[in-house]
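Take a look at the following structure, please.
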């Protein structure tokens, strides 16, 4: 190459750099255009149900300036915008903001309250529910919603037989419209927790003119009856919600909620730090949370989650048919190590299948075995016939991606804890989620790690599926205890709350003694947000209510 | 034989290739262990429900019958519906993710070709010299760079330390241009949206550089050896003897001849790009086919995986078809 | 004098050491004269041809001597000045017509490009000239748009020649122009050369391993062996009375169809490795007239009755 | 008779593309050898002379059954070998050998010279071990590769072209064949060494009493060594006769043209020159009638209509030309 | 032999110039890794699967390369990790060679319909993005050393097949092969004595270039969590595991395994590149 050609190359490189610079730099200005939002004036009249804003100075009617938009980042995704097929946590959260069912939870509690109904009656020993709808219900497009529409929505779920159809099919015998505002639901058998079922999005009314009657409509943005309606939806990219003018209830302070879908937590964290988003929600890495706690511009809001993790022993496979072996392993388990080392304290050790914060919860495992109780474990192992020379061989299975990047470390720590007894030798194995599930179901995996997200908020959902003989076949039909079966069935139909609590306490005692399933930890919920964002309410329902969020602007 | 006849022949020849890939995919998916239905309904379903679903999906039929069904469906252009979550139409899922991958691979392709051409030309012209040696080492070193590590380091430097470039995603949420092609850069230009364009370019910068840098080594090597071979040929000497200037010889004669064999390699290069894109996408949270496929593989979402792989196969076949046709068009010696 | 080559030395710097490919070669060439350079493979004849154009490929280098064309020394010219000479004043035809044309360029464009590289004329004019030239070398005009691979070997060589004469050069260097061709085509090409020489008055340097061919077409012949110019004189003199032992034996080694019951003789041994040439005369290991001094000292260049020879036989 | 060839033909089908195979049933062929007949006596040298593309190399390979003929008959030592299976041919191969043009490509670069020459002995189970090695060393000495021990262990890469060709000759000769096909054995050898290779081949012929089928494009070389010469053009023999007859009295215009095109190392001597136009046509589209008529200076109306047959003009001197009918 | 062998080797290296030095450098890296793998017990200061300190402790005298996400010694894990990757690579390469090479030899030598069928199948697989194929097979087979080896082998069978077949095809057309046939050699003899020795040298080159590629693919698979199960030390997986700390500036759990992946791939790449020249040179000289 001659000097002249070198010159050309250099010039081209410089041009490239300049273009690169401009390509890079304006992304930040672009960000600013989205976050520097218009300001709208909202008149605050009432603050019921919402923690009073810190900066409120007077209770009188004062024009306050709230930011028009709040941007939330999530790493979850919305799978299906059709309530007849939506069956995952995050999609349900969105539905809880754009829709409402007959019942809803009071923010901050696990207490149910009326949603789109004014009132309801239970008849026929818990078999018939008569729902009285509110009179002024309107869908997001302004069309009125009546009992007919609710019936249509519920029947549609049964017709389509999507993933969450069992919420209807397992319980409902028939639905009848009594009048425009009255719906009568007849159940197959009485269920004590049916109001909790009536709170799931599967029971949300949807506009019949927008949804096909017997087909899934996955990208439907017609929405339901809720404080917000969908104005923009780009799958896995962005979801924009704006206030629903036809919502019967209180109008949210924030006009627009933008939800940005991130592929990974780190990106979301950086977006939060750079101000691209106001709120980082599900799910930041433990590392990131502990880092972000140090950031003075951010607030970390912590709440108890209802997500639990546990070890399952297949009691049909030797030597785990031996209760002593299970007890020994339960005793040796070091929950704190896992919570601290892997999750940096972003989860809590759990000592029962019923999560902390839910009624009837008891720390049964802690009472019985303590924590990392090697002495007890050794004693139990010796009783079961094992020693340093004749080690108990354990094959521990985990699944690498379903529960996140941390799973391998969880398995490693369990191995570590058990091997500390000196009498156990753990082989760790893993399988992809589908294989993992199938092998478990076939009863081929002796020790497995699983997690549970509740479908409805009731102790029943944390006990019956695991312990009742008819219901725990997904664990390879491993464990069956007629006494437990009886207690669980009784608790399901008992209408008296105290009676039920009593029964569930008994169940937990038996669980701890038999130890077919050993709880490890309970998730905590974290919202990390800019300091100026208010109204973040976290409760075991695990839903973030967007309609409570607001951000004050100006002085 | 005319070019058109050649194109037709070439298209016919891609059919067995696609069939073989389809069969391979089918075998891998259906014969190896793992039950999609269980993965699909999760832990809460009853055995009866699983049986029912298996029947619904035709998984209880004999294997050969499933195979026939599978081929017939594909022939009809029916990729089926996803088995999990939204049960969305597979084609739609692919169309949601593929443009992202395409944008990334095109970006990576351009970077790798530009870098490779530059380094390869320097090495080829200065063959035997110090510059040549360093370019050769460049090509080997660069190819050995492990994409995730390189990507993470770039993220750390440009994303976290300098805060100059975004570390993940395709565009700032909210700036998406109206979908026409699905390629944000093209769409932003069509919509005349400068903010979208710049955001898309900024997001594309690190991933495409990572992918392109790693694969540029191959081009360095190809361009170098090809150029060296061409420069050693008699006709180049003849050109010099005719008193042509160095630039004309290099650009009009040598480079043109040197690039033709490289053109034939581009089809395979694209396969490498697609493979590299899987790791790049995972590292940069790029919402493309790679992350999508890896996610669905863990759920053994058969229909989607099959659909995606069939799509990959079709795409690879299409690329090699295009490359061959361009080759036949460019090189007068090839008249089939 | 058209061309004066004086004491030319070309060295190749390879990994295994320096190869002296051309050593101390001098000769002159007149206008429209045909000179043959004969030698076996590795004798340095092709390098000499390239060195005349100052076109020795790396790692080769002209280390000494001069090549003067009309008095201008080509070895001292810049690349830019050389560009003006090459093609315009001295043209070259290479051995293999298969590989000497750009496979991606139409043959007509080759000629057009060659013309336009040196003359400021429009493309149309250049094209007109190219068509005339094709006609001149015996290729029909409708092959203007053909690609090289569509032509036979002989036709390609004609294209090369057309390009060589396109700018009316003073000298054509033809490096084994017919080696890859059959005898009948060789004959045709040689006819073409002699016609062009007559028509345009071009001097030709014909490099070949075929002594018989050279004797038939060249006015004077230079015999090269292991980088040295061994003998240089008129073709007829060489045929009648070769001076150098190498030339003598070479003449005996080539079969002649004209002769009945010819006995062929071969030269014993094989050409030396130029990395380690033998001391003294390079030909001494194979020479039938070897004397003790031949193994010790390089023979001097002698002029014997007006003929150049490099051999101890002709005294100091 | 050592070798008799009757009406030998070799047509190579022209590769067709997929579409062509679909559209047309018509097969096209490269008619490399298109019906030639000749015979060779023991110990004789028979030369096939022609330009590139005349089919002379193909003929050589056909005779050795290295490729299968399309039609015709090959009789070797009185035995019809035309349709012998390769397996049955194998034992015969020690009697018929080949020397190639390119000494660089015809030797396995990864085999030592000794191994290469010994291989035929092992293949035909003639000798092994020490005995075989001694035979190889003896052969090396014979072909002038001395000292043989040094060459025995050397790789072809370290030899010059002439030396390699000697190795190839040694390998061909070690089984004492009766027939050796020599395919342009000296055309890639330096001029100064050609005569020595030719002389070596002639010496070995005398010693072993073998015959050469000598393939060359160089009439001068053919003249130097052969008893009998056939001139080939586009897969056919145009003229065939004793060397002396052919050179003294060439009959076919093509032979005459070839002869006159050969440069002669005698400057100034004017010869009768017959100039031909154009180049040899493609063997796919062979001109009708006499295949030479497109270039023939003596062409007349019969030539493009009827194909002339090879006729014996004088005893042992054949020509295929309408001028002589 | 002893000193002679070495001096000849160093001579060859010098002759090959840059390529020679590249080869030696590559060999050194590979040798170091091999030593690491062979003597892991002696080199590693800690048990690679035992928790020995606090999580993500930065490099210090106690933990020269720091600790990982749950407090295991990164250096020990990297040392033991060399074992995992080498075993997987070795097994997969052995598998793909033992299938690809014979098939390629047969297919190339016999030719005809068989060859066309094999080639079509192999070319189809070859044209498909390798990592994606490996991901699919690995995910279906499940994690584990054997399964990972199989999924890598599937990807690289076509490479060996194509290379051997191409080589055989070109060798089959070589004059010396025809010469062997003219000598009366049987097909088996030709394959064994004339074709295979030439193919063998190419295999050595392709082997090392291919192993370089396979290392990156294996690392890619384990990065995606599809290789061996935790807590077996594995570079790609450890890198992935540390990723969640990386952008917080805790680079050591990621960097060290990552650099080892790159170095090992580089080692084989350099070796292959060098071999190519050194062996090629021997052939022509």
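Think of it as A, B, C, D and E in the order they're written, each chain with its own count starting at 1.
To be clear about the criterion, a contact is a pair of C-beta atoms (placed from the backbone, for glycine too) under 8 Å apart; a residue touches a chain by one contact, two chains touch by 3 or more.
Predicted model only: the values in this text are computed from it and were never measured.
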Any chain in contact with chain C as well as chain E: B, D
Least hop count linking chain A to chain C through chains in contact: 2
Chain whose Cα centroid lies nearest the overall Cα centroid: B
Distance from chain B to chain A - Cα centre to Cα centre, in angstrom: 36
Distance between the centres, which are taken as Cα means, of chain D and chain B, whole angstrom: 53
Approximate Å spacing (C-alpha centroids) for the pair chain B, chain E: 23
Distance from the mean Cα position of chain D to that of chain A, given in whole angstrom: 87
Chain A, residues touching no fewer than two other chains: 266, 270, 400-401, 432, 435
Touching two or more other chains - residues of chain E: 139, 142, 240, 243, 247
Chain C, residues touching no fewer than two other chains: none
Residue ranges of chain A in contact with chain E within the complex: 265-266, 269-270, 285-288, 291, 341-342, 344, 398, 400-401, 405-406, 408-409, 411-413, 415-416, 428-432, 435
Touching residues on chain B, where the partner in the complex is chain C: 128, 233-235, 237-246, 248, 252-253, 256-257, 260, 330-333
Of chain A, residues touching chain B in the complex: 1-2, 5, 9, 20, 22-27, 29-31, 33-34, 71, 79-80, 85-88, 162-163, 166, 216, 218, 234-238, 240, 258, 260-264, 266-267, 270, 274, 276, 400-402, 432-435, 437-438, 440-441, 450, 455, 465, 473-475
Footprint of chain B on chain C - complex, ascending: 50, 53, 55, 57-59, 79, 82-88, 91-92, 94-96, 99-105, 113-114, 117-118, 147, 149, 160, 163
Of chain E, residues touching chain D in the complex: 174-176, 178-186, 189, 193-194, 197-198, 201, 282-285
